[in-house]
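Naming follows writing order (A, B, C, D and E), and every chain is counted from residue 1.
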Amino acid sequence: MKIFCVEGTLVATARIGGLESHRLLVVQDRKGDKQVAVDPVGCKPGDWVIACGSSAARDAAGSKEYPSDLTIVGIIDYWDEESPGEERSEEPELLVVESVAPSPNAPSQNGGARR
Amino acid sequence: MKIFCVEGTLVATARIGGLESHRLLVVQDRKGDKQVAVDPVGCKPGDWVIACGSSAARDAAGSKEYPSDLTIVGIIDYWDEESPGEERSEEPELLVVESVAPSPNAPSQNGGARR
Amino acid sequence: MKIFCVEGTLVATARIGGLESHRLLVVQDRKGDKQVAVDPVGCKPGDWVIACGSSAARDAAGSKEYPSDLTIVGIIDYWDEESPGEERSEEPELLVVESVAPSPNAPSQNGGARR
Amino acid sequence: MKIFCVEGTLVATARIGGLESHRLLVVQDRKGDKQVAVDPVGCKPGDWVIACGSSAARDAAGSKEYPSDLTIVGIIDYWDEESPGEERSEEPELLVVESVAPSPNAPSQNGGARR
Amino acid sequence: MKIFCVEGTLVATARIGGLESHRLLVVQDRKGDKQVAVDPVGCKPGDWVIACGSSAARDAAGSKEYPSDLTIVGIIDYWDEESPGEERSEEPELLVVESVAPSPNAPSQNGGARR
(Lines give C-alpha, C1' and ligand atoms only; values in the text may rest on other atoms or scores of the structure.)
Protein backbone atom coordinates (compact mmCIF):
# COMPACT_ATOMS: atom_id res chain seq x y z
CA MET A 1 0.00 0.00 0.00
CA LYS A 2 1.29 3.45 -0.83
CA ILE A 3 1.17 6.53 1.38
CA PHE A 4 -0.67 9.65 0.19
CA CYS A 5 -1.97 12.99 1.43
CA VAL A 6 -5.51 13.85 0.38
CA GLU A 7 -5.62 17.03 -1.69
CA GLY A 8 -9.28 17.40 -2.56
CA THR A 9 -12.30 16.07 -4.35
CA LEU A 10 -12.24 15.39 -8.09
CA VAL A 11 -15.25 16.43 -10.09
CA ALA A 12 -15.77 14.29 -13.18
CA THR A 13 -19.31 14.48 -14.43
CA ALA A 14 -18.71 12.27 -17.46
CA ARG A 15 -17.62 8.93 -16.10
CA ILE A 16 -18.35 5.27 -16.86
CA GLY A 17 -21.13 3.53 -15.02
CA GLY A 18 -19.74 1.61 -12.06
CA LEU A 19 -17.78 4.58 -10.75
CA GLU A 20 -20.93 6.22 -9.47
CA SER A 21 -21.05 5.10 -5.91
CA HIS A 22 -17.91 6.57 -4.38
CA ARG A 23 -16.19 9.91 -4.17
CA LEU A 24 -13.01 10.33 -6.15
CA LEU A 25 -10.17 12.11 -4.39
CA VAL A 26 -7.01 13.65 -5.74
CA VAL A 27 -4.13 12.33 -3.64
CA GLN A 28 -0.47 13.25 -3.65
CA ASP A 29 2.48 11.09 -2.68
CA ARG A 30 5.59 12.23 -0.80
CA LYS A 31 7.31 13.12 -4.08
CA GLY A 32 4.48 15.35 -5.23
CA ASP A 33 2.98 13.05 -7.87
CA LYS A 34 -0.80 13.20 -8.04
CA GLN A 35 -3.19 10.32 -8.64
CA VAL A 36 -6.92 9.79 -8.19
CA ALA A 37 -8.23 7.28 -5.64
CA VAL A 38 -11.64 5.89 -4.78
CA ASP A 39 -12.69 6.74 -1.21
CA PRO A 40 -14.80 4.17 0.64
CA VAL A 41 -13.55 5.29 4.08
CA GLY A 42 -14.63 8.93 4.29
CA CYS A 43 -11.50 11.09 4.20
CA LYS A 44 -11.02 14.82 4.24
CA PRO A 45 -8.36 17.03 2.70
CA GLY A 46 -5.16 16.96 4.71
CA ASP A 47 -5.60 13.34 5.85
CA TRP A 48 -2.64 11.03 5.36
CA VAL A 49 -3.95 7.74 4.00
CA ILE A 50 -2.84 4.37 2.68
CA ALA A 51 -4.18 3.26 -0.67
CA CYS A 52 -4.16 -0.13 -2.29
CA GLY A 53 -3.66 -0.85 -6.00
CA SER A 54 -3.68 -3.90 -8.23
CA SER A 55 -6.67 -6.26 -8.24
CA ALA A 56 -7.18 -5.68 -4.50
CA ALA A 57 -8.30 -2.11 -5.23
CA ARG A 58 -11.46 -3.47 -6.78
CA ASP A 59 -12.69 -5.52 -3.84
CA ALA A 60 -11.57 -2.76 -1.48
CA ALA A 61 -13.94 -0.41 -3.31
CA GLY A 62 -16.83 -2.77 -2.84
CA SER A 63 -16.87 -5.54 -5.43
CA LYS A 64 -14.79 -7.60 -7.85
CA GLU A 65 -16.27 -5.61 -10.73
CA TYR A 66 -15.54 -2.12 -9.42
CA PRO A 67 -13.40 -0.27 -12.00
CA SER A 68 -10.74 1.06 -9.67
CA ASP A 69 -6.97 0.58 -9.65
CA LEU A 70 -6.37 2.72 -6.52
CA THR A 71 -8.58 2.62 -3.42
CA ILE A 72 -8.03 4.22 -0.02
CA VAL A 73 -8.05 1.52 2.66
CA GLY A 74 -7.14 3.41 5.81
CA ILE A 75 -6.40 6.76 7.41
CA ILE A 76 -3.01 6.97 9.10
CA ASP A 77 -2.98 8.06 12.73
CA TYR A 78 0.79 7.87 12.98
CA TRP A 79 3.57 5.44 12.46
CA ASP A 80 6.01 4.32 15.04
CA GLU A 81 9.60 4.12 13.81
CA GLU A 82 11.30 2.05 16.48
CA SER A 83 14.99 1.37 16.82
CA PRO A 84 16.00 -2.24 16.16
CA GLY A 85 15.83 -4.39 19.26
CA GLU A 86 12.95 -2.61 21.01
CA GLU A 87 9.74 -4.40 21.89
CA ARG A 88 6.86 -4.25 19.39
CA SER A 89 4.00 -1.90 20.27
CA GLU A 90 0.79 -3.60 21.24
CA GLU A 91 -1.83 -3.98 18.51
CA PRO A 92 -3.64 -0.68 17.76
CA GLU A 93 -7.29 -0.40 18.75
CA LEU A 94 -9.08 -0.81 15.46
CA LEU A 95 -12.01 1.39 14.53
CA VAL A 96 -13.10 -0.51 11.49
CA VAL A 97 -15.35 0.90 8.79
CA GLU A 98 -17.76 -2.03 8.55
CA SER A 99 -18.57 -1.94 4.91
CA VAL A 100 -17.24 -0.20 1.87
CA ALA A 101 -20.51 1.42 0.89
CA PRO A 102 -20.10 5.17 0.37
CA SER A 103 -20.36 7.03 3.66
CA PRO A 104 -20.35 10.78 3.09
CA ASN A 105 -21.60 11.24 6.65
CA ALA A 106 -19.18 8.90 8.43
CA PRO A 107 -17.49 10.64 11.36
CA SER A 108 -14.12 11.92 10.24
CA GLN A 109 -11.03 10.77 12.09
CA ASN A 110 -8.52 13.18 13.49
CA GLY A 111 -5.86 12.58 10.89
CA GLY A 112 -2.86 14.53 12.08
CA ALA A 113 0.05 12.33 11.19
CA ARG A 114 3.25 12.37 13.14
CA ARG A 115 5.93 11.29 10.74
CA MET B 1 -6.40 6.22 -11.45
CA LYS B 2 -3.85 8.38 -13.21
CA ILE B 3 -4.39 11.84 -14.69
CA PHE B 4 -3.75 12.44 -18.40
CA CYS B 5 -4.32 14.97 -21.14
CA VAL B 6 -5.64 13.60 -24.41
CA GLU B 7 -3.23 14.27 -27.28
CA GLY B 8 -4.92 12.63 -30.24
CA THR B 9 -6.12 9.48 -31.92
CA LEU B 10 -3.76 6.58 -32.57
CA VAL B 11 -4.03 4.84 -35.92
CA ALA B 12 -2.97 1.21 -35.77
CA THR B 13 -4.38 -0.76 -38.66
CA ALA B 14 -2.66 -4.01 -37.69
CA ARG B 15 -3.97 -4.90 -34.30
CA ILE B 16 -5.15 -8.06 -32.53
CA GLY B 17 -8.81 -8.96 -32.65
CA GLY B 18 -10.55 -7.79 -29.50
CA LEU B 19 -9.20 -4.25 -29.81
CA GLU B 20 -11.57 -3.46 -32.63
CA SER B 21 -14.43 -1.86 -30.82
CA HIS B 22 -12.93 1.25 -29.26
CA ARG B 23 -10.83 4.19 -30.30
CA LEU B 24 -7.26 4.28 -29.07
CA LEU B 25 -6.03 7.63 -27.82
CA VAL B 26 -2.53 8.87 -27.18
CA VAL B 27 -2.51 10.41 -23.70
CA GLN B 28 0.20 12.32 -21.88
CA ASP B 29 0.75 12.59 -18.15
CA ARG B 30 1.87 15.69 -16.25
CA LYS B 31 5.51 14.74 -16.71
CA GLY B 32 5.19 14.41 -20.48
CA ASP B 33 5.25 10.61 -20.74
CA LYS B 34 2.95 9.26 -23.42
CA GLN B 35 0.83 6.12 -23.27
CA VAL B 36 -2.09 4.74 -25.26
CA ALA B 37 -5.52 4.31 -23.66
CA VAL B 38 -8.80 2.77 -24.73
CA ASP B 39 -11.62 5.31 -24.90
CA PRO B 40 -15.13 4.11 -23.99
CA VAL B 41 -16.25 7.58 -22.85
CA GLY B 42 -15.91 9.74 -25.98
CA CYS B 43 -13.06 12.19 -25.36
CA LYS B 44 -11.52 14.85 -27.56
CA PRO B 45 -8.00 16.22 -27.73
CA GLY B 46 -7.30 18.63 -24.92
CA ASP B 47 -9.57 16.87 -22.43
CA TRP B 48 -8.08 16.08 -19.03
CA VAL B 49 -9.11 12.56 -18.11
CA ILE B 50 -8.63 9.86 -15.49
CA ALA B 51 -7.60 6.41 -16.68
CA CYS B 52 -7.63 3.12 -14.87
CA GLY B 53 -5.02 0.36 -15.21
CA SER B 54 -4.55 -3.12 -13.85
CA SER B 55 -7.27 -5.75 -14.25
CA ALA B 56 -9.96 -3.06 -13.83
CA ALA B 57 -9.00 -1.60 -17.22
CA ARG B 58 -10.45 -4.65 -18.89
CA ASP B 59 -13.95 -4.47 -17.43
CA ALA B 60 -13.89 -0.68 -17.82
CA ALA B 61 -13.40 -1.20 -21.55
CA GLY B 62 -16.41 -3.48 -21.76
CA SER B 63 -15.61 -7.02 -20.71
CA LYS B 64 -13.31 -9.23 -18.67
CA GLU B 65 -11.64 -10.38 -21.89
CA TYR B 66 -10.87 -6.96 -23.35
CA PRO B 67 -7.11 -6.71 -23.97
CA SER B 68 -6.51 -3.33 -22.37
CA ASP B 69 -4.22 -2.29 -19.53
CA LEU B 70 -5.24 1.39 -19.60
CA THR B 71 -8.82 2.61 -20.06
CA ILE B 72 -10.24 6.11 -19.71
CA VAL B 73 -12.97 6.12 -17.07
CA GLY B 74 -13.87 9.79 -16.77
CA ILE B 75 -13.36 13.33 -18.03
CA ILE B 76 -12.20 15.78 -15.38
CA ASP B 77 -14.26 18.93 -14.96
CA TYR B 78 -12.04 20.28 -12.23
CA TRP B 79 -10.67 19.34 -8.90
CA ASP B 80 -11.14 21.20 -5.73
CA GLU B 81 -8.02 21.55 -3.61
CA GLU B 82 -9.33 22.62 -0.22
CA SER B 83 -7.32 23.67 2.77
CA PRO B 84 -7.45 21.25 5.69
CA GLY B 85 -10.38 21.91 7.96
CA GLU B 86 -12.80 23.26 5.35
CA GLU B 87 -16.12 21.64 4.66
CA ARG B 88 -16.32 19.06 1.85
CA SER B 89 -18.02 20.20 -1.36
CA GLU B 90 -21.34 18.57 -2.02
CA GLU B 91 -21.41 15.54 -4.26
CA PRO B 92 -21.05 16.43 -7.98
CA GLU B 93 -23.99 15.90 -10.23
CA LEU B 94 -23.07 12.80 -12.19
CA LEU B 95 -23.65 12.59 -15.92
CA VAL B 96 -22.93 8.93 -16.32
CA VAL B 97 -22.12 7.27 -19.63
CA GLU B 98 -24.52 4.34 -19.28
CA SER B 99 -22.55 1.65 -20.94
CA VAL B 100 -19.04 1.20 -22.18
CA ALA B 101 -20.01 0.28 -25.72
CA PRO B 102 -18.14 2.39 -28.28
CA SER B 103 -19.90 5.68 -28.89
CA PRO B 104 -18.21 7.64 -31.68
CA ASN B 105 -21.29 9.88 -31.85
CA ALA B 106 -21.73 10.52 -28.13
CA PRO B 107 -21.99 14.25 -27.37
CA SER B 108 -18.62 15.53 -26.30
CA GLN B 109 -18.30 17.07 -22.87
CA ASN B 110 -16.94 20.53 -22.35
CA GLY B 111 -13.71 19.44 -20.75
CA GLY B 112 -11.91 22.60 -19.75
CA ALA B 113 -10.07 21.70 -16.58
CA ARG B 114 -9.35 24.24 -13.95
CA ARG B 115 -6.38 22.99 -11.98
CA MET C 1 -0.74 0.40 -23.53
CA LYS C 2 2.83 1.58 -23.80
CA ILE C 3 4.65 2.67 -26.95
CA PHE C 4 7.78 0.84 -28.06
CA CYS C 5 10.14 0.47 -31.01
CA VAL C 6 11.05 -3.07 -31.97
CA GLU C 7 14.80 -3.69 -31.70
CA GLY C 8 15.16 -7.33 -32.65
CA THR C 9 14.49 -10.95 -31.83
CA LEU C 10 15.49 -12.46 -28.50
CA VAL C 11 17.00 -15.90 -28.53
CA ALA C 12 16.38 -17.82 -25.33
CA THR C 13 16.76 -21.53 -25.85
CA ALA C 14 16.14 -22.42 -22.20
CA ARG C 15 12.67 -21.21 -21.44
CA ILE C 16 9.65 -22.53 -19.55
CA GLY C 17 7.05 -24.50 -21.46
CA GLY C 18 4.14 -22.28 -22.43
CA LEU C 19 6.41 -19.65 -23.98
CA GLU C 20 7.06 -21.85 -26.99
CA SER C 21 4.50 -20.62 -29.42
CA HIS C 22 5.47 -17.01 -30.03
CA ARG C 23 8.53 -15.02 -30.92
CA LEU C 24 10.03 -12.88 -28.21
CA LEU C 25 11.12 -9.40 -29.26
CA VAL C 26 13.38 -6.90 -27.55
CA VAL C 27 11.55 -3.59 -27.50
CA GLN C 28 12.71 -0.15 -26.43
CA ASP C 29 10.61 2.69 -25.07
CA ARG C 30 11.11 6.39 -25.82
CA LYS C 31 13.46 6.74 -22.85
CA GLY C 32 15.71 3.92 -24.05
CA ASP C 33 14.66 1.27 -21.51
CA LYS C 34 14.52 -2.21 -22.98
CA GLN C 35 11.98 -4.94 -22.23
CA VAL C 36 10.96 -8.20 -23.88
CA ALA C 37 7.51 -8.64 -25.39
CA VAL C 38 5.57 -11.53 -26.88
CA ASP C 39 4.71 -10.98 -30.54
CA PRO C 40 1.41 -12.42 -31.79
CA VAL C 41 1.06 -9.78 -34.54
CA GLY C 42 4.12 -10.30 -36.74
CA CYS C 43 6.40 -7.28 -36.28
CA LYS C 44 9.78 -6.45 -37.71
CA PRO C 45 12.65 -4.41 -36.33
CA GLY C 46 12.00 -0.70 -36.66
CA ASP C 47 8.24 -1.01 -36.20
CA TRP C 48 6.64 1.26 -33.62
CA VAL C 49 4.15 -0.82 -31.65
CA ILE C 50 1.78 -0.69 -28.69
CA ALA C 51 2.10 -3.36 -26.04
CA CYS C 52 -0.25 -4.34 -23.30
CA GLY C 53 0.76 -5.44 -19.78
CA SER C 54 -1.03 -6.67 -16.68
CA SER C 55 -3.40 -9.63 -16.87
CA ALA C 56 -4.55 -8.54 -20.35
CA ALA C 57 -1.13 -9.47 -21.74
CA ARG C 58 -1.95 -13.12 -21.17
CA ASP C 59 -5.17 -13.26 -23.17
CA ALA C 60 -3.62 -11.01 -25.82
CA ALA C 61 -0.92 -13.66 -26.29
CA GLY C 62 -3.50 -16.38 -26.82
CA SER C 63 -4.88 -17.71 -23.58
CA LYS C 64 -5.51 -17.00 -19.90
CA GLU C 65 -2.62 -19.29 -19.02
CA TYR C 66 0.03 -17.75 -21.26
CA PRO C 67 2.99 -16.66 -19.11
CA SER C 68 3.40 -13.15 -20.49
CA ASP C 69 3.33 -9.77 -18.79
CA LEU C 70 3.94 -7.76 -21.98
CA THR C 71 2.33 -8.53 -25.33
CA ILE C 72 2.34 -6.52 -28.54
CA VAL C 73 -1.23 -5.73 -29.58
CA GLY C 74 -0.81 -3.43 -32.56
CA ILE C 75 1.59 -1.77 -34.99
CA ILE C 76 1.35 2.02 -35.07
CA ASP C 77 0.78 3.62 -38.46
CA TYR C 78 0.83 7.13 -37.04
CA TRP C 79 -0.83 9.20 -34.42
CA ASP C 80 -2.71 12.35 -35.02
CA GLU C 81 -2.01 15.11 -32.52
CA GLU C 82 -4.86 17.55 -33.09
CA SER C 83 -5.24 20.97 -31.58
CA PRO C 84 -8.14 21.28 -29.16
CA GLY C 85 -11.36 22.12 -30.91
CA GLU C 86 -10.71 20.38 -34.22
CA GLU C 87 -12.97 17.62 -35.49
CA ARG C 88 -12.05 14.03 -34.73
CA SER C 89 -10.61 12.03 -37.64
CA GLU C 90 -12.88 9.33 -38.94
CA GLU C 91 -12.35 5.83 -37.61
CA PRO C 92 -9.29 4.13 -39.17
CA GLU C 93 -9.88 1.23 -41.47
CA LEU C 94 -8.97 -1.76 -39.34
CA LEU C 95 -6.87 -4.56 -40.74
CA VAL C 96 -7.33 -6.96 -37.88
CA VAL C 97 -5.10 -9.92 -37.23
CA GLU C 98 -7.88 -12.49 -36.73
CA SER C 99 -6.34 -14.66 -34.12
CA VAL C 100 -3.36 -14.52 -31.87
CA ALA C 101 -1.86 -17.79 -33.01
CA PRO C 102 1.79 -17.39 -34.02
CA SER C 103 2.10 -16.24 -37.63
CA PRO C 104 5.73 -16.17 -38.74
CA ASN C 105 4.53 -15.90 -42.34
CA ALA C 106 1.92 -13.16 -41.87
CA PRO C 107 2.42 -10.28 -44.32
CA SER C 108 4.35 -7.52 -42.58
CA GLN C 109 2.80 -4.08 -42.36
CA ASN C 110 4.55 -1.00 -43.60
CA GLY C 111 5.30 0.40 -40.22
CA GLY C 112 6.76 3.84 -40.85
CA ALA C 113 5.55 5.92 -37.95
CA ARG C 114 5.08 9.63 -38.24
CA ARG C 115 5.41 11.05 -34.78
CA MET D 1 9.67 -9.68 -4.97
CA LYS D 2 11.18 -6.42 -3.78
CA ILE D 3 13.67 -5.91 -0.96
CA PHE D 4 12.77 -3.69 2.00
CA CYS D 5 13.92 -2.77 5.48
CA VAL D 6 11.22 -2.70 8.14
CA GLU D 7 10.90 0.76 9.70
CA GLY D 8 8.06 0.34 12.17
CA THR D 9 4.41 -0.33 12.79
CA LEU D 10 1.70 1.76 11.14
CA VAL D 11 -1.24 2.79 13.26
CA ALA D 12 -4.40 3.31 11.22
CA THR D 13 -7.49 3.08 13.37
CA ALA D 14 -9.89 3.87 10.53
CA ARG D 15 -9.45 1.14 8.01
CA ILE D 16 -11.72 -0.97 5.81
CA GLY D 17 -12.91 -4.30 7.11
CA GLY D 18 -10.74 -7.11 5.80
CA LEU D 19 -7.51 -5.38 6.85
CA GLU D 20 -8.14 -6.25 10.48
CA SER D 21 -6.23 -9.44 10.92
CA HIS D 22 -2.63 -8.44 10.26
CA ARG D 23 -0.19 -5.81 11.38
CA LEU D 24 0.70 -3.12 8.88
CA LEU D 25 4.37 -2.19 8.67
CA VAL D 26 6.08 0.81 7.15
CA VAL D 27 8.89 -0.52 4.95
CA GLN D 28 11.60 1.33 3.08
CA ASP D 29 13.41 0.26 -0.07
CA ARG D 30 17.10 0.78 -0.84
CA LYS D 31 16.35 4.15 -2.44
CA GLY D 32 14.52 5.44 0.62
CA ASP D 33 10.96 5.21 -0.71
CA LYS D 34 8.44 4.15 1.91
CA GLN D 35 5.44 1.86 1.43
CA VAL D 36 3.13 -0.06 3.75
CA ALA D 37 3.07 -3.85 3.75
CA VAL D 38 0.96 -6.50 5.40
CA ASP D 39 2.96 -8.70 7.78
CA PRO D 40 1.91 -12.35 8.07
CA VAL D 41 5.42 -13.53 9.02
CA GLY D 42 6.17 -11.66 12.26
CA CYS D 43 8.91 -9.11 11.55
CA LYS D 44 10.55 -6.53 13.72
CA PRO D 45 12.04 -3.14 12.91
CA GLY D 46 15.47 -3.47 11.32
CA ASP D 47 14.65 -6.75 9.57
CA TRP D 48 15.43 -6.93 5.85
CA VAL D 49 12.52 -8.62 4.12
CA ILE D 50 11.15 -9.58 0.72
CA ALA D 51 7.64 -8.49 -0.15
CA CYS D 52 5.36 -9.62 -2.91
CA GLY D 53 2.96 -7.42 -4.88
CA SER D 54 0.37 -7.93 -7.58
CA SER D 55 -2.41 -10.47 -7.13
CA ALA D 56 -0.06 -12.79 -5.25
CA ALA D 57 -0.02 -10.32 -2.33
CA ARG D 58 -3.59 -11.23 -1.57
CA ASP D 59 -3.14 -14.97 -1.21
CA ALA D 60 0.14 -14.39 0.61
CA ALA D 61 -1.80 -12.39 3.21
CA GLY D 62 -4.22 -15.24 3.77
CA SER D 63 -6.94 -15.31 1.14
CA LYS D 64 -7.93 -14.35 -2.39
CA GLU D 65 -10.12 -11.59 -0.96
CA TYR D 66 -7.53 -9.93 1.27
CA PRO D 67 -7.21 -6.25 0.26
CA SER D 68 -3.43 -6.07 0.07
CA ASP D 69 -1.13 -5.12 -2.81
CA LEU D 70 2.10 -5.63 -0.82
CA THR D 71 2.70 -8.53 1.57
CA ILE D 72 5.89 -9.60 3.30
CA VAL D 73 6.73 -13.20 2.35
CA GLY D 74 10.11 -13.76 3.96
CA ILE D 75 12.86 -12.40 6.20
CA ILE D 76 16.28 -12.26 4.55
CA ASP D 77 19.11 -13.99 6.37
CA TYR D 78 21.67 -13.00 3.74
CA TRP D 79 22.26 -13.28 0.07
CA ASP D 80 25.18 -14.89 -1.54
CA GLU D 81 26.64 -12.93 -4.45
CA GLU D 82 28.88 -15.41 -6.24
CA SER D 83 31.24 -14.70 -9.11
CA PRO D 84 30.17 -16.20 -12.42
CA GLY D 85 31.39 -19.74 -12.89
CA GLU D 86 31.41 -20.83 -9.24
CA GLU D 87 29.33 -23.75 -8.04
CA ARG D 88 25.84 -23.02 -6.68
CA SER D 89 25.43 -23.13 -2.90
CA GLU D 90 23.40 -26.04 -1.63
CA GLU D 91 19.73 -25.40 -0.93
CA PRO D 92 19.15 -23.40 2.27
CA GLU D 93 17.52 -25.17 5.18
CA LEU D 94 14.01 -23.81 5.20
CA LEU D 95 12.28 -22.77 8.39
CA VAL D 96 8.83 -22.29 6.97
CA VAL D 97 6.06 -20.33 8.64
CA GLU D 98 3.29 -22.91 8.26
CA SER D 99 0.34 -20.70 7.67
CA VAL D 100 -0.29 -17.07 7.01
CA ALA D 101 -2.71 -16.52 9.86
CA PRO D 102 -1.68 -13.56 11.98
CA SER D 103 0.90 -14.56 14.59
CA PRO D 104 1.68 -11.67 16.91
CA ASN D 105 3.37 -14.14 19.25
CA ALA D 106 5.46 -16.02 16.68
CA PRO D 107 9.10 -16.19 17.75
CA SER D 108 11.05 -13.49 15.95
CA GLN D 109 13.93 -14.53 13.72
CA ASN D 110 17.38 -13.11 14.09
CA GLY D 111 17.34 -10.98 10.97
CA GLY D 112 20.78 -9.41 10.71
CA ALA D 113 21.40 -9.20 6.99
CA ARG D 114 24.86 -9.46 5.54
CA ARG D 115 24.73 -7.74 2.18
CA MET E 1 9.19 -9.42 -19.49
CA LYS E 2 12.13 -7.56 -17.98
CA ILE E 3 15.82 -8.29 -18.46
CA PHE E 4 18.02 -9.12 -15.46
CA CYS E 5 21.43 -10.48 -14.56
CA VAL E 6 21.48 -13.13 -11.86
CA GLU E 7 23.54 -12.02 -8.84
CA GLY E 8 23.19 -14.93 -6.45
CA THR E 9 20.98 -17.02 -4.21
CA LEU E 10 18.86 -15.45 -1.48
CA VAL E 11 18.71 -17.20 1.84
CA ALA E 12 15.48 -16.54 3.70
CA THR E 13 14.82 -19.18 6.29
CA ALA E 14 11.64 -17.57 7.60
CA ARG E 15 9.26 -17.49 4.70
CA ILE E 16 5.57 -18.18 4.15
CA GLY E 17 4.49 -21.65 3.14
CA GLY E 18 4.03 -21.89 -0.61
CA LEU E 19 7.45 -20.37 -1.34
CA GLU E 20 9.17 -23.60 -0.36
CA SER E 21 9.59 -25.34 -3.66
CA HIS E 22 11.84 -23.00 -5.63
CA ARG E 23 15.11 -21.20 -5.18
CA LEU E 24 14.97 -17.45 -4.77
CA LEU E 25 17.56 -15.48 -6.70
CA VAL E 26 18.70 -11.90 -6.34
CA VAL E 27 18.59 -10.35 -9.81
CA GLN E 28 19.77 -6.96 -11.00
CA ASP E 29 18.45 -4.92 -13.91
CA ARG E 30 20.51 -2.80 -16.30
CA LYS E 31 20.14 0.23 -14.03
CA GLY E 32 21.46 -1.61 -11.01
CA ASP E 33 18.18 -2.06 -9.13
CA LYS E 34 17.91 -5.37 -7.32
CA GLN E 35 14.84 -7.58 -6.96
CA VAL E 36 14.20 -11.17 -5.95
CA ALA E 37 12.83 -13.68 -8.45
CA VAL E 38 11.61 -17.26 -8.27
CA ASP E 39 13.73 -19.64 -10.35
CA PRO E 40 11.97 -22.58 -11.97
CA VAL E 41 14.48 -22.80 -14.86
CA GLY E 42 17.80 -23.50 -13.11
CA CYS E 43 19.99 -20.41 -13.49
CA LYS E 44 23.44 -19.62 -12.22
CA PRO E 45 25.05 -16.34 -11.22
CA GLY E 46 26.11 -14.34 -14.28
CA ASP E 47 23.24 -15.59 -16.44
CA TRP E 48 21.19 -12.95 -18.25
CA VAL E 49 17.53 -13.88 -17.91
CA ILE E 50 14.02 -12.68 -18.68
CA ALA E 51 11.53 -12.56 -15.83
CA CYS E 52 7.80 -12.22 -15.90
CA GLY E 53 5.69 -10.25 -13.39
CA SER E 54 2.01 -9.63 -12.80
CA SER E 55 -0.40 -12.56 -12.46
CA ALA E 56 1.58 -14.54 -15.04
CA ALA E 57 4.44 -14.87 -12.54
CA ARG E 58 2.30 -17.19 -10.46
CA ASP E 59 1.52 -19.76 -13.16
CA ALA E 60 5.07 -19.47 -14.44
CA ALA E 61 6.26 -20.58 -10.99
CA GLY E 62 4.05 -23.64 -11.07
CA SER E 63 0.49 -22.85 -10.09
CA LYS E 64 -2.20 -20.16 -9.86
CA GLU E 65 -1.67 -20.04 -6.08
CA TYR E 66 2.09 -19.59 -6.06
CA PRO E 67 2.92 -16.39 -4.13
CA SER E 68 5.31 -14.86 -6.63
CA ASP E 69 5.23 -11.52 -8.45
CA LEU E 70 8.48 -12.11 -10.39
CA THR E 71 9.46 -15.42 -11.98
CA ILE E 72 12.33 -16.21 -14.33
CA VAL E 73 10.97 -17.65 -17.58
CA GLY E 74 14.04 -17.98 -19.76
CA ILE E 75 17.82 -17.65 -20.02
CA ILE E 76 18.99 -15.29 -22.75
CA ASP E 77 21.44 -16.68 -25.28
CA TYR E 78 21.69 -13.39 -27.16
CA TRP E 79 19.51 -10.91 -28.89
CA ASP E 80 19.74 -9.91 -32.47
CA GLU E 81 19.43 -6.20 -33.11
CA GLU E 82 18.80 -5.95 -36.83
CA SER E 83 18.62 -2.82 -38.92
CA PRO E 84 15.19 -2.06 -40.35
CA GLY E 85 14.58 -3.80 -43.66
CA GLU E 86 16.71 -6.89 -43.08
CA GLU E 87 15.22 -10.37 -43.13
CA ARG E 88 14.14 -11.89 -39.82
CA SER E 89 16.37 -14.58 -38.38
CA GLU E 90 14.92 -18.04 -38.52
CA GLU E 91 13.12 -19.21 -35.40
CA PRO E 92 15.55 -20.28 -32.66
CA GLU E 93 15.79 -23.94 -31.83
CA LEU E 94 13.94 -24.21 -28.57
CA LEU E 95 15.29 -26.25 -25.72
CA VAL E 96 12.22 -26.11 -23.54
CA VAL E 97 12.21 -26.85 -19.85
CA GLU E 98 9.25 -29.22 -19.82
CA SER E 99 7.73 -28.35 -16.52
CA VAL E 100 8.19 -25.72 -13.88
CA ALA E 101 8.81 -28.09 -11.02
CA PRO E 102 11.99 -27.22 -9.12
CA SER E 103 15.04 -28.76 -10.79
CA PRO E 104 18.14 -28.13 -8.69
CA ASN E 105 19.95 -30.78 -10.76
CA ALA E 106 18.89 -29.58 -14.23
CA PRO E 107 21.89 -29.16 -16.54
CA SER E 108 22.90 -25.53 -16.54
CA GLN E 109 22.92 -23.66 -19.84
CA ASN E 110 25.92 -21.79 -21.09
CA GLY E 111 24.51 -18.37 -20.56
CA GLY E 112 27.05 -15.95 -22.00
CA ALA E 113 25.01 -13.12 -23.43
CA ARG E 114 26.18 -11.13 -26.40
CA ARG E 115 24.44 -7.81 -26.25
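We take it that a residue touches a chain if its C-beta (ideal position, glycine included) is under 8 Å from a C-beta of that chain, and two chains touch if they have at least 3 such contacts.
Every value quoted in this text rests on a predicted model; they were computed, and no experiment measured them.
Participant: From chain B, how many touching-chain steps at minimum until you land on chain C?
Facilitator: 1
Participant: Kindly list the shared contact partners of chain A and chain E, in label order.
Facilitator: Under the touch definition, chain A and chain E have D as mutual neighbours.
Participant: If you walk from chain to touching chain, how few steps can bring you from chain C to chain D?
Facilitator: Steps on the shortest route: 2.
Participant: Averaging only over C-alpha atoms, locate the centres of chain A and chain D and give their separation in whole Å.
Facilitator: So the centroids are 22 Å from each other.
Participant: Enumerate the residues of chain B that touch no fewer than two other chains.
Facilitator: Within chain B, residues 53-55, 57 contact more than one other chain.
Participant: How would one label the connectivity among the chains shown: line, ring, star, complete, or other?
Facilitator: Shape of the chain contacts: a ring, since each chain touches exactly two and the loop closes.
Participant: Considering touches as defined, can you lay out the ring of chains in sequence, from chain D by way of chain E?
Facilitator: D, E, C, B, A
Participant: Tell me, which parts of chain A touch chain B in their complex?
Facilitator: For this pair, the touching residues of chain A are 7-20, 23-24, 26, 34-37, 44-46, 53-55, 57-58, 65-70, 104.
Participant: Which positions of chain A touch chain D when the two form their complex?
Facilitator: Listed in rising order, the residues of chain A that touch chain D are 1-3, 30, 40-42, 50, 52-57, 59-60, 71, 73-86, 88-89, 91-100, 109.
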